[in-house]
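By written order: A, B and C. Residues from 1 in each chain.
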């Protein structure tokens, strides 16, 4: 009898040890614009692999400075390529581990239905008081927005109307609350089930701005963690790519 | 060194803080006085409302201000109706936001100072022919001087250091709403650490000097005129 | 002649005030009672610092409050002077600025003359540059009195001005109050719980208890009323207003005249004819049926018994009339019985001791 109990206890111990060695948890920093698809992807990832992932959402710039100062993140899904490159150059991320997981699409959006026309003529027609965009110094979507305005030769004309959000999330808030009549936001913010879900929008043609490449990178913290490498692999799998597309992103060529 | 854009944000910040502090004192003084003296049932609710900005995280407060002052918000509709347009992304929107955000830092020290005076000096003033209005200026204000100095310091510094609200309702427009705290934040976010250090250093130095002068003044005045 | 009509009714949770008073327009009226009797509340109602829901107040022909007609003059419009228990000087102003605070706010500016007079009257000239925190309690209270008087008020209200002072400070201020008493021609309402201050200052005595007025009238009359607890008190006394008649310097004595007779006192340094208050404790008065011929007691006076009460224990209180003055005597019930004292009897009183109050 006693032997049986001991045997059972040993089995249980073994099981829990193997659990901890095979199913691990990784800590991931995610650019805010990718929060919705990433949550979905992680749900699938946990089901498929048994590993789990803790997600933190925030701005890429803030994550980079935190990572260079000892934060425990193991993966960065950045909003640009600059952040991962800097982390590799400064020796905090694994060289060669970076790849483009999504290409963001820029959209000129208004919360008012019918306000923005399908060709974006409203930009030259005017009649609005505020045009929101993300700070080009801080957000790649802001850089793309400025490229669009430059390409349309509207930058000088509209400069006085520009209000900057510190992130694409804030630009979205300016427009969604109606404080800015329209603004450049990320398609993923206004996209649901394959179409723009509210207000009116002009999806900016790709030739008007350089592609907004969002890169992922493995940090040196995460090299030993099987969950971290597994998640990066899963991010390139078909189910993950499906979700990324559904939220209005393009995939890397 | 400081770029001229950085310098502009410093000047703008002190302009916002100066105007906001002036408004806070003008509005906060009667409000604090009323709160100290009233026995109205509204005392509790108003006190709670005044303290609310302490509870809400600044960016959350900023978000609600953005909604309230926007074209569909109550305040926005009022300002539109008054022909003022909407307040977000304007200098005065920033002032309004700062006033709301800093109000407990001005009202509460004043309330404490007024409560400490008690009603006795006011009764003495009344028996010496001073109307309530008169006695407020001739008795309450001088006796509450330390409270006024504290309220001014806290109101001003809190507005200078305020970030979340202006980030939300400012729109980062140079010379209009780009204040120093947002500028430092942007430098840090853009990994321009040297610029951030310079600007933060100047802000600290200036603020320290102002505070030092005020506090030494406060000490001197309590020595020559002991408050009991 | 009645110049002050005051009627107030107010109720708090644990206290109510219900008084109806008529007081003379001159001299000092003392509002006397234990703490909680409502004397301070009454004074505050008169000043307008407290607003009784039901009240009527008329001072020298002017209505200050009439709740039926919804009249309530705010304090700052009432031509009064008020002295608080704890002086209540403005701590941010110098003594001189405190004294001038009220003056700057009245239109009729005989101010400076009046201010200089009061500064001299209260002996505070050397304190003018000081801050209130650098004054003693007695000095503060003198400044407070001067500050109230400088306004040339129509009535002076004083709320226990000596209560917060120790005995030494009290002795320092009382002479100033007595001088005021003689020199002021305005009515003074003076709140106190001290019998000594009553004896020293009162012309009219108002006795308050539990928010009601027990008695009100001229000092000697009220003091000697046998239906009041005051007459039973160990410290029961009557105060006589007298004038100095002559000095007998050989014996170191002074003779003083009152309405209907004279008394011998130990020498008083004052001019012939000047007024004086003399207090006679009831316990110092004894009664004889015939004029004692062989006695060491100097003051033996004919008197008529007006009233008698048998108090508790062994004591009886007899109210007598000497000339026009009322006098109380505390004697034993046994003596009362043995002498067969009755109302209306003519007797002789022997006064063992007197105290001179000013």
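Keep this in mind: a residue touches a chain if its C-beta (ideal position, glycine included) is under 8 Å from a C-beta of that chain, and two chains touch if they have at least 3 such contacts.
Nothing here was measured: the structure is a model prediction, and the numbers come from that model.
Undergrad: Which chain has its C-alpha centroid farthest away from the centroid of chain B?
TA: C
Undergrad: What chain lies closest to the overall centre, CA atoms only?
TA: B
Undergrad: Centroid from C-alpha atoms only, then distance chain A to chain B, rounded to Å. What do you get?
TA: Computed from C-alpha means, the inter-chain centre distance equals 37 Å.
Undergrad: Can you work out the whole-Å distance between the CA centroids of chain A and chain C?
TA: So the centre of chain A lies 89 Å away from the centre of chain C.
Undergrad: So the centre of each chain is just the mean of its C-alpha atoms; given that, what is the distance between chain B and chain C in Å?
TA: 55
Undergrad: If a residue has to touch 2 or more other chains to count, which residues of chain C qualify?
TA: none
Undergrad: For chain C, which residues count as touching chain B in their complex?
TA: Listed in rising order, the residues of chain C that touch chain B are 47-49, 74-77, 80-82, 84, 86, 88-92, 101-102, 105-106, 131, 133, 147-148, 151.
Undergrad: Going by the contact rule at the top, pick out the chain B residues touching chain C in the complex.
TA: Going by the criterion above, the answer is residues 120-121, 123-132, 134-135, 138-139, 142-143, 145, 225-228.
Undergrad: Considering only the defined contacts, which chain B positions touch chain A in the complex?
TA: For chain B paired with chain A, touching residues are 63, 66-67, 69-73, 76, 85-86, 88-89, 167-168, 171-173, 182, 185-186, 188-191.
Undergrad: So in the complex, which bits of chain A are touching chain B?
TA: Chain A residues touching chain B: 59, 61-62, 64-65, 86, 129-130, 132, 135, 137-138, 162-166, 170, 173-174, 177-180.
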